[in-house]
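Here is the structure we will look at.
Which chain is which? They are A, B, C and D, in the order written, and residues in each are numbered from 1.
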Amino acid sequence: MSVLSDVLDLVFRRTMRVTVPAQATAAAMPRLIEDLLSSKGEITGVMTARHILDRYNVMTDAEKLQFFTHLAEDLDLDHADLETALHALKAKPDRKSYDRFLAAAEPRRQELARRLNRMPGATRLLVDMRADLLRLVPPDDPIARIDSDFRHLFASWFNRGFLVLRRISWESPAHILEKIIRYEAVHAITSWEDLRRRVEPEDRRCFAFFHPAMPDEPLIFVEVALTKGIASSVQSLLSDDRTPLAAHEADTAIFYSISNCQVGLAGISFGNSLIKQVVNDLTAELPGLSTFSTLSPMPLFSRWLLEQGFDASDWTKPQLLAAAAYYLTSARRNDGHHYDPVARFHLGNGALVHAVHAQADTSQRGKKDSLGVMTNYLYDLARLEQNHESFANQKQVAASPPVQTLTQSFQSVEVLQNA
Amino acid sequence: MSVLSDVLDLVFRRTMRVTVPAQATAAAMPRLIEDLLSSKGEITGVMTARHILDRYNVMTDAEKLQFFTHLAEDLDLDHADLETALHALKAKPDRKSYDRFLAAAEPRRQELARRLNRMPGATRLLVDMRADLLRLVPPDDPIARIDSDFRHLFASWFNRGFLVLRRISWESPAHILEKIIRYEAVHAITSWEDLRRRVEPEDRRCFAFFHPAMPDEPLIFVEVALTKGIASSVQSLLSDDRTPLAAHEADTAIFYSISNCQVGLAGISFGNSLIKQVVNDLTAELPGLSTFSTLSPMPLFSRWLLEQGFDASDWTKPQLLAAAAYYLTSARRNDGHHYDPVARFHLGNGALVHAVHAQADTSQRGKKDSLGVMTNYLYDLARLEQNHESFANQKQVAASPPVQTLTQSFQSVEVLQNA
Amino acid sequence: MSVLSDVLDLVFRRTMRVTVPAQATAAAMPRLIEDLLSSKGEITGVMTARHILDRYNVMTDAEKLQFFTHLAEDLDLDHADLETALHALKAKPDRKSYDRFLAAAEPRRQELARRLNRMPGATRLLVDMRADLLRLVPPDDPIARIDSDFRHLFASWFNRGFLVLRRISWESPAHILEKIIRYEAVHAITSWEDLRRRVEPEDRRCFAFFHPAMPDEPLIFVEVALTKGIASSVQSLLSDDRTPLAAHEADTAIFYSISNCQVGLAGISFGNSLIKQVVNDLTAELPGLSTFSTLSPMPLFSRWLLEQGFDASDWTKPQLLAAAAYYLTSARRNDGHHYDPVARFHLGNGALVHAVHAQADTSQRGKKDSLGVMTNYLYDLARLEQNHESFANQKQVAASPPVQTLTQSFQSVEVLQNA
Amino acid sequence: MSVLSDVLDLVFRRTMRVTVPAQATAAAMPRLIEDLLSSKGEITGVMTARHILDRYNVMTDAEKLQFFTHLAEDLDLDHADLETALHALKAKPDRKSYDRFLAAAEPRRQELARRLNRMPGATRLLVDMRADLLRLVPPDDPIARIDSDFRHLFASWFNRGFLVLRRISWESPAHILEKIIRYEAVHAITSWEDLRRRVEPEDRRCFAFFHPAMPDEPLIFVEVALTKGIASSVQSLLSDDRTPLAAHEADTAIFYSISNCQVGLAGISFGNSLIKQVVNDLTAELPGLSTFSTLSPMPLFSRWLLEQGFDASDWTKPQLLAAAAYYLTSARRNDGHHYDPVARFHLGNGALVHAVHAQADTSQRGKKDSLGVMTNYLYDLARLEQNHESFANQKQVAASPPVQTLTQSFQSVEVLQNA
């Protein structure tokens, strides 16, 4: 391969629109990677990075797997080297031996990712690369360990301090709104008119986190309804014939949908920060807001009922709600963690289970997953820390008195049933 | 210490402007740090981070030293734990043991820095914290090893892919221009009028890199003069009575000043990328540009002459230039690296020594450091890679034929003198 | 009516959200208008203006008519005063008598409009007010003379020098794109996907003029297709399964739709300036463009055929095209002006009739209005001025040789038919 | 002159940087003007406009005078035509005769200005043209009547509804700040540091009006100090060693300097609107503000004392203040208007004379013009309208009780003195 300087390359690309030939992709890859990691990378860095990413982009899944295998095996930690470095550090823990150890303790693939990222626009491609990895490699495959390197880097790059909160409104660019439609994971947005109902009225808000290096890609977004009192049905929130409330008359903010947008950022948590920031900004704008709550799905309720051997088909509404309350406060996985992922998220944030509602999500999905039941998690600012600590350390679930009562009524029934 | 939720805190700060009491700063610090690193940090993170950074900010140097010592000793690697993790990894290199090892191989102070950085505006404070470290702790002090952690993090955070190039002009905000005046390290800017002469005429350009999380702080900037032919004197470039050239008539871009702005980012290299990007952008805007050169100081020339036992006081101009050519092509430190830091930078980028000029910097500093001599380093795009490789691997310095001739004439003289 | 200062008013509005009662609207109007035009208007101006415009906004059509009548009759020129002023001016044409005459020669309703316009956001409301006037008052009604005052003011306010050209793309705000969909007057945009096909591909462009005081309202927009060669069918331009052309490969820009957006700006011509500006900007961006053409409807072709007594139902395609060529080059209204409004616009701009195409607009409207025929008007930059002068002064229509030949073939037939 | 289309021209200018030859400027001007006003102007408008303005720009003062004479005499009203049109209108006041009259009642030079203004950037040049006119032509010269046409147009173009308020801060672009330094007309800004003291601290504000077509040119600006209580000395406001007040602790906003920036906009009043808008915005941002006052110069106080035959050289401070109070409340010009221009402005806005201070402006200019005395005009929102009406209709000056007492004490003395 003839390698010009990347300066020259950039100039040529602009004026001549040369594109890199994609043939012989997988074969030449190790050589390109070595170039980028070597001294040459100082000068030809951005161009070599582009070659690698251009080629990666046209690979088949099989070739990608080969690429990941190369990262896992040929750019791995050197155990012997590590052992030497660790012994030297223990013997004499000065700066030199510390630096030597740090260098040995980081696999070269991390430096590769950092050098690839020097190319403008590369951050997005690296996030997509990790999405490929998660899709192609099972978590227990030895190769999957390179995912730990991605996570490590992304946790640094996507640090909360680097994220930007932007309001999404009817005045936002269409190519962003289009992605909101596409990425909505809780209550599907069926059309541009449906989207408009969620972002244009003055009692509806939507906020998203963005990273400056991926300005066209929302990372996570939340949809908020400003209401009087805590809403108990999502269909009423999303109906198309309601009269909007004047924003300053609202006393409650309902977070009714939170969606992660990037598969390649799985496990890099933004939701916690997003909710805090939005609570903070809304409070500053609308001093009349005093209650912050969610209207949330219970995505595994039906599955749990099934696993427990319950048949809810002829339950009354009170029975259903009692079971839901019990599920939210008491259902556990085998590893001791809460059964419900949405509950884990909000209870982990310090929220409490405030209420349960039947017939609250009458969509097909809502009926299937949770028999139409939805939950309000309440963010009581004065109790967040205490709730969080109890949940994190003793796995205690905070709940309002009515939910506690419901839970107990279900336990009585359950005892009876099982007796 | 009574810790409220940071949500509450943020709200209160806005409305009541509570400020954190700074008393008892050093004492409470380990406790606050532990809070931030523990489960509590999930909920109270941003507020705890602010407490820590607010307190750090009012510390005396002695207290800061105590703080750094805490980071170095109490948040260090656990060697025993590391050894166990490494053994497990060697025995069974699966994902679990890999993750276990990665966790053990990173000192907790790195996670601390990441959590501190979640606070809006913290990045700037952490960069300043490293500047304190470099000022207070000698590089061979064992505590100085925590600088390696800062460098490691900053190399990720300030990756080229995250930097933004902005043109600095007379239409830039005053608070940015003020920093350009303050940070200029090569040819001091003496007044706003002097600044204006460097950024307003159409044949003068200035570009800087910024990081999105520090939008008011340039990281590095370069000043460029567009000329016909390669300039040989900086005073003529900066004179206040010249007639500007129409930009499209220029054939040459002279990089006559490059200044790093942030002490706390020492060793995180941006200059290479900045020059490449500016060459690229200027070429796209002004197709008539064909030559990219510097007009650079030789900051250690006088010192080198002194060390070599030369007395240049009665040298003729040709003798002086011959010595300068020799210095640029041949002077080495004991460790084998080039003697001159500016030469190291440009030769390392693949430039060549194009010419030397006497009486080229008649400022007091110019006369003292280099007897008024300046250098043109030429960026010949077609030869960058080859020059870089020869310099990096064989320490060969590329030079134009006239500079080679000058060098040889000095060597003859030198042999004679020493004979 | 108790009138507070508008300062107070603005403050109150923000904090208390007082709204103006709309009752008794028409009755109090003359009094409010007098306040605004009097000395009081100096202090209470913006508030009084808002009162007037708020009240106008809730009027019935009958009340609006009453309002217009008031403007026409009570804020009219004073003929006696004018005569005196004119005599004084003729007697002694100094500055004082000139000022006196200028004041007398402007009806007070013009000053009223200027004072109303001091309120932020009023420009849009005044444009809508004129739309009401055009809707409610026939042009030959004496009251319609106040439309001349609106036109006079709007021609100043919407001067080309104040307009801003913005590109409309898929990254434009949704509330602007929504208006593009609504205002498209030539080839209806049927959905957001249809819109996207017109603004997102790199060989499709859309540009609009905006006024800084109405930033959310396009005034006029043009849709452009970049092609190789001159397109002959609009359905092929708008099809949803085509492969976009790389923009730099295009040699031709086809202006296939121009729509005025504001009824209230009727007669204030922007189209001429818009086309010039877009030609200019496209040429600067894409030097490969050498041909600028339209693909235009012939909205009155069917009507003209009917009026002439032609029955085209069994015409061959050559016969149809010959008739179209004749219509474009030769059809005149009774007042001597060209029969076709689109032809008047483009020929008045100096374009020439380049070609006619059958089956070029197969939409229902296209078939009904023009039997599916469309025209290319060519903007040949070297001939614009000469074409314009000939058309403006001698009503000569410039046409390409093929169109001239077609025209003659139709004339022969016509003579034959009529013989 | 060979005239290409302006489209072509614009394209050429960009790519070839053709500039218009300036020779034979004055001679060809009437021909160019006629081209622009004729049918040709439809096509070649922007280019012809640029020719005219480029040529005007290089004219000598004598040539400019010739140009103005041409506008005054050759593009004037046609009195005979006007008389005919007026008779027709009186005879039959329909729309046609009304339009005919409006056309006749506007001199062609107004349409000329509107067509010149179609060129991007022309607005600024036309404002400068009027500045030339005011400089070169005495107000009683017959040619000066064309200034009435400029005023008429500018009053429309610079309507309050089109102006944009921008805060001027230390983050504003340097080329704007430079103009603030240059245009400050009340208390000279002596350096960039002096400027910084007025715009950077949180208790100092500066606001300016801009027009969208002249985005780099402030039209008028006001400097504001946020204080506790009403300030009595400008030197204390501008001192360089004071400690800033937290903005939210201020109860008073002092407007201590208002400067018009554009000579060519003389007589187009913005100050009234600027103060209202700033009061409004500050109140919204800082609810703690309850008092809005000025600290104003009395520029003609010394002159008035001289004219009255007073010798203040051995007056005590109480005597000086009594005279100042009398001057502010009672001094009149021969035409009955208030003697002091600053008083006319603020009293006309509805403010009242709140206090007078000795030693309040110790600059050379302050001592010379007003013996160091300054005034607070108070903007009491609840009384603005009443004050304005009394001043406008009955020339009554509103003053605080202390100022009234001072005035009476001076009158007693005066009577005594004159007795």
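Just so it is clear, a contact is a pair of C-beta atoms (placed from the backbone, for glycine too) under 8 Å apart; a residue touches a chain by one contact, two chains touch by 3 or more.
Owing to the predicted nature of the structure, the values given are computational and were not obtained by experimental measurement.
Participant: Shared touching chains for subunit B and subunit D?
Facilitator: Where subunit B and subunit D might share a partner, there is none at all.
Participant: Name the chain whose C-alpha centroid is farthest from the C-alpha centroid of subunit B.
Facilitator: Result for the farthest chain: C.
Participant: Taking the mean of the C-alpha atoms as each chain's centre, how many Å separate subunit B from subunit C?
Facilitator: Taking the mean C-alpha position of each chain, the two centres sit 57 Å apart.
Participant: Just how far, in Å, is the C-alpha centre of subunit D from the one of subunit C?
Facilitator: That gives a centre separation of 35 Å.
Participant: Quick one: subunit A and subunit C, Cα centre-to-centre, how many Å?
Facilitator: From the centre of subunit A to the centre of subunit C is 49 Å.
Participant: For subunit A, write out the residues touching at least two other chains, lowest number first.
Facilitator: In subunit A, nothing touches at least two other chains.
Participant: Any two chains that touch count here, so list every such pair.
Facilitator: Here the touching chain pairs work out to A-B, A-C, B-D, C-D.
Participant: Given the complex with subunit D, which residues does subunit B contribute to the contact?
Facilitator: Residues in contact with subunit D: 17, 170-175, 177, 192, 196, 246, 248.
Participant: So in the complex, which bits of subunit C are touching subunit D?
Facilitator: 3-8, 10-11, 14-15, 39-40, 42-44, 46, 77, 79, 82-83, 86, 89-90, 93-95, 98-99, 101-102, 105-106, 114, 117-123, 139-142, 144-145, 147-149, 152-153, 155-157, 159-162, 164, 212-213, 272-273, 276, 279-280, 283-284, 348-350, 379, 381-382, 384-385, 388-389, 392-393
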